[in-house]
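There are structures below to look over.
In what comes next, subunit A is part of two complexes: it sits with subunit B in the first one and with subunit C in the second one.
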Partner chain A sequence: MDAPLLAIENLRTYFYSRAKRAFIRSVDGVSLEVARGETLGIVGESGSGKSVTALSAAGLVTAGPGVISGRIDLYSNGARRNLLDGLENYARIRERDGRVMEVEKDERGWRKRSETLMAGVRGKEIAMIFQNPRSALNPYSTIGKQLMETIRLHTKLKGESEAKERAIHWLERVRIDSPRLRFDNFPFGMSGGMCQRAMIAMALSAEPSLLIADEPTTGLDVTIQSRIVDLLAQLKAETGITTLLISHDISVIQRLSDRIAVMYGGTVVETGRAAEVLAPEAKVRHPYTTALLASIPSAETIRRKSYLQAIEGEVLDTIEVPRGCRFYGRCNRVTEAIRENCAGSEPPLGEVATGHKVRCWLYPATGKA
Partner chain B sequence: MKFAAVKPVSRVLARELAVTALLLFGVSVVVFAILYLAPGDPLNVLLEGQSPRSELALGMREALGIPRTWYGQYAAWFGKMLQGNFGNSIRTGLPVLPELARVGVYTLTLTLGSLALTLLIAVPIAVHAAAHGDTAGNTAATMVAYVLSAVPVFWFGYIVVYVFIHTFGMFPLISGTAAKQEHAWLYFLVPIFVLGVASGTLSEMIRHLREELSRVLAEDYIRTARAKGAAVWRHAFKEGFLIPVTEIMSAKIPFLLGGAVIVEQVFNWPGMGRMAWQAAQDRDFPVIMGIALVAAAFVRLGNLLQRVVFTAVNPRASRE
Partner chain C sequence: MRRYVQTPGSIGEFSELALRQRAEPLDLVYVGYGLLVVAVVVASYMLGAFGWLPDDPQAMNVGLINAAPFTSGHVLGTDFLGRDLQARLILGIQAYFLPGLLAITISVVGGSILGILAGYRGGWFDTIITYFDNLLDSFPRLVLILLVIAAFKADIYYVMVVVGITGMPVIANLIAGKIAFLRQKSFVEAAHALGLPAHTVILKHILWLNCRALLVIQATLGMAEAILVETSLSYLGFGVQEPTPSWGNMVQAGANYFLQGNFWPSTAPALAILATILGFQLLGDGLNNLLEGKRRR
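Coming up: the complex of A and B.
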């Protein structure tokens, strides 16, 4: 793999549920790498921890206890920065059998520390776009002002008029019609698609090294969704920006990603090149990925008017994490030979081919890894 | 394009002013009706000790040129009022309008001063609580504010008088004449403090501002602001601070005026509240009418301010 831009290692982000008096293990030991210039797509059901992974990387987790362990390395300007540097001084974890049982975290202290670590990173190095763009833009300010704010914060253009020119330039680049007029529009006067274009313009106008797109098509009309995907693909081709794309929509992931990480129950269960992981004839594949792919309506299922394949069972609730494989309860490919393993211990993320890793007892690692 | 926001504001202003005129007319009719139907006759004050039914009273009426019918009386008052003449006080014989202006300044000082004090105390507590959640410090401060707001303002006033003026002798008893003494402004601070702390506005302001601000801080667009590395307060200011503060201020002005009547009694403060109290005792119709109109105008002014701020700030409201 090429030099990484962002490397997440063993990230854990937990939330405390007062009602259940237990931890929600939203992200439970995730390791990912995003290489410079590539698009990494994270796919998974709701509650699989993909969005929380993204928010953790941007330092935007607000609920407690939040990020409790791991490291997030950002390689920029020839230096490596750990965005979770010193976290262990704020969060103390007690583990039993490799399972976190107790967390003591100085949340206020860590928030302060995190703000210092993220200063000059958030917005500048890592820019982010969200779902529901209408509510993600400030309704009390014009599109133009919000763009200019980003430009003046993060680029050398500090003057009013040059920042405005640049803002209009970006509105043109995201193909907003009559950008000079839109510049003075408030978000409520614009469609969801327009708002998302403005969000993308705002994110890219800081010229960041990494773009995190957290469910960028969620909350938009279906027809608009594919336009936004097209736009992201075009901008990717033009700027070559490294992208971390999060979506539950596997077709969006398929169209935009170079590599894919499939998440389930707060962990990565499969990762590899998009073409390899999603290839229809692939022989080695995590049962969960198989089930996800089977649940997409294809031309075939539509023609035959057959039912869509739903994944049996319910999404893993990340409070009561099983001892064995997290997908064991819903898996339909457990064989007698491996059942004991599946139920008893969590499989490692083993390399089954170069750059292709699967967390499943069906595929013993090739030994290299 | 910058001027685009001005136009709707002026439209709102014009509409609100028209509503205010109608409302003041309504207030004058209602107050007049209540006064007319209420027992008691202002002439009693002038003819102290004498039978109101006597020839003297009738002659007095004739001499003062008071119309016999109620609508005649109202029309006479209304006609003069339109020319800026609110009549003369029956008790003192002084013209109402200049008198109102004289005491109005005191009441304005008292209410605006106490409003400023309330803001000064409420804003830091509410903002801290919204930004950091419950901490020992802001919980304690909020509790104290709630207790003070629950305390009746006259009682709190007497306690302050007793402790600071009687026991410690820190301030002389305040009255209008204190204005001529040295450090006069110090004496003025005591009633302002009492009204500002105990009028009930304090707890409401803390609660409303805190709720609104924490709601806004959890909005998606604030997360966007953080994600782009911008200052959060700049994005939260309009919806999370300016609008709730003006809302609560305009909603609380009537209560402040009510509190002012009491505080002015307790502290012998020569304001409109005391004047209203005295006028009500005397059935001094022209003064009561004048005060009712000024008080109503003041309350409307608060609403007006709130509407104007809301329209100027909120792009949706200005493009209806």
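Coming up: the complex of A and C.
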């Protein structure tokens, strides 16, 4: 693998449920690497922790216990910096049998430290786009003004007119027609797809090294979705920007990603090259990935008139995480030979082929790891 | 017969005006009248501040007491000491103009800060503001003001500080509500993600761009409130004292002669109070309808 741009190591981001007096283990030991220039797609159901992983990387998780341990290394300008550096001093964690029992956090100090760490990173090095683009723009300001604001904040273009020129240039690059007219539009005068294009322009105008796209097509019409996906692919080809793409829509992931990480219940259950993980004939595959693939409609399923398969059971409750494999309760490939393992202890993420890792007791490589 | 006409314009382009609700003519009348009142008040304040008055407001003329309008050059007549009513009405604006501005400044600034804290931090800030609001609601404002006057002194600025503070919870609640609404829209988070500093997001994107209309409206209504308080207190004798004119003490002074048939010296300032407060109230209401209530999203 090429030099990484972002390396997340053993990240744990917890929230707290007052009602149940228990931690919600949204992200529970995630390790990921995004290489320079590649697109890593994170796929998983709602609640699998994919968005929280991204938000943690952007330093945007401030509520609750939040990020409680791990490393997030950003390699930029030849230097490595840990975006969680020193934050552990602001949270005292008591653990018993590997389970977090109590977190005491100096919220104010934590937030201050985090802001210091993220200064010059958020927006400049790591930019982010969200779902529901219309609500991600300030309704009372024109898109031109909002775009100019990020340009003046993050680039050397401080003057009014040069920032405006650059803003129009970016509106053109995201294929907004008649950008000079659109410049003075308010978000409510534009379609959702148009707003998302404007958001992408805002994110890219700072020329960040990493773009986090958190469900960029969710909440858009289906036809618009595919146009936004096309746009992202084109911009990717033009700028070569490293992207962390998050989506529950596996077809979006398939079209844009070089590598894929499948998340379930706050952990990565499978990771590898997109072609390998999603190859129809793949022999080695996590049962959850198999189930995810079976649940998307394709020309194949329609032609064969076969039914789409919903994944049995419910999404894992990340409050009461079982001792064994997190997918055990819904897995249909448990064999008697491994049942004890599945129920008893969490499988490690084992390498089944070069760069292809699966967290499942089915594969012997896992056992060896 | 009815005509249907297609507005010329490029097809397929959204017209921004079409997306906003058409302005109600009545609201425009309200706002128009309100702006007129504001203009007259500001202009009169300037006249009073620079001393460009039509007549000496303190010059007594015992030979011309309670004169009717248009007698010997007094456009609005004279009061019980023969002083020119028009000049005194203009000078009376001094009594509430700056104190009123102080009051609305306090309530807008304080209310915004509390509102942001409640909206952003939530939790016990929110609770405190709710209790503060309930406390003030359950306590007559005039009694509170009289209490302050009794404890300190009968200074209009002290009173206006109280008016400002008691006006804070309303604004705080409105802003906290607005922030709660805005937080459902992800642009606050998006702005943070784009690296905008927190103070830019709060002051520019939330307060300035999203709450400015609300603040102008509340300031306008607050000014009406301040004028009402000032004139009431002066009427009761707790505010501005003779011989300094205030619309309130003018009404009071004139009232002694009202039943003797000289209704004008008290009616003129009373009408001025009515017209001015109505103006500020209607301006606030009209702006509220035009800017806040009916804007589509």
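As a convention for this text, the second predicted complex is superposed on the first by the 362 of 369 C-alpha atoms of A that agree within 3 Å, B and C clash if a C-alpha of one lies under 4 Å from a C-alpha of the other, contacts with A are read in each partner's own complex, and residues count from 1 in each chain.
What we mean here is this: a residue touches a chain if its C-beta (ideal position, glycine included) is under 8 Å from a C-beta of that chain, and two chains touch if they have at least 3 such contacts.
Computed from a predicted structure; not experimentally measured.
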- Consider subunit A as the common anchor and indicate whether subunit B and subunit C clash or fit when overlaid. clash
- Item | Which superposed partner A:123 touches (first subunit B, second subunit C, both, neither) | both
- Tell me which partner A:150 touches in the superposition: subunit B (first), subunit C (second), both or neither. both
- What is the contact status of A:203 with respect to subunit B (first) and subunit C (second): first, second, both, or neither? both
- Query: Counting only touches as set out at the top, which of subunit B and subunit C does A:108 meet: first, second, both, neither?
  - Reply: first
- Query: Once the shared chain is lined up, is A:6 touching subunit B (first), subunit C (second), both, or neither of them?
  - Reply: neither
- Task: Determine, under the contact definition given at the top, whether A:83 touches first (subunit B), second (subunit C), both, or neither.
- Result: neither
- Message: Touch test for A:293: subunit B only (first), subunit C only (second), both, or neither?
- Response: neither
- Item | Residue range of subunit C overlapping subunit B upon superposition on chain A, of 3-11, 21-29, 39-47 or 57-65 | 21-29
- Query: In the superposed arrangement, what residues of subunit A touch both subunit B and subunit C?
  - Reply: 58, 60, 121-124, 127-128, 130, 132, 135-141, 149-150, 153-154, 186, 188-189, 199, 202-203, 206
- Interfacial residue positions of subunit C with respect to subunit A in the complex: 13-14, 16, 19, 184-187, 189-196, 198, 205, 209-210, 296-297
- Note which residues of subunit A are touching subunit C in the complex, please. 58, 60, 115, 121-124, 127-132, 135-141, 149-150, 153-154, 181, 185-186, 188-190, 199, 202-203, 206
- As the complex stands, subunit B meets subunit A at residues 1, 4, 132, 219-221, 223-230, 235, 238-239, 313-316, 319
- Query: So in the complex, which bits of subunit A are touching subunit B?
  - Reply: 58, 60, 108, 118-124, 127-128, 130, 132, 135-142, 149-150, 153-154, 184, 186, 188-189, 199, 202-203, 206
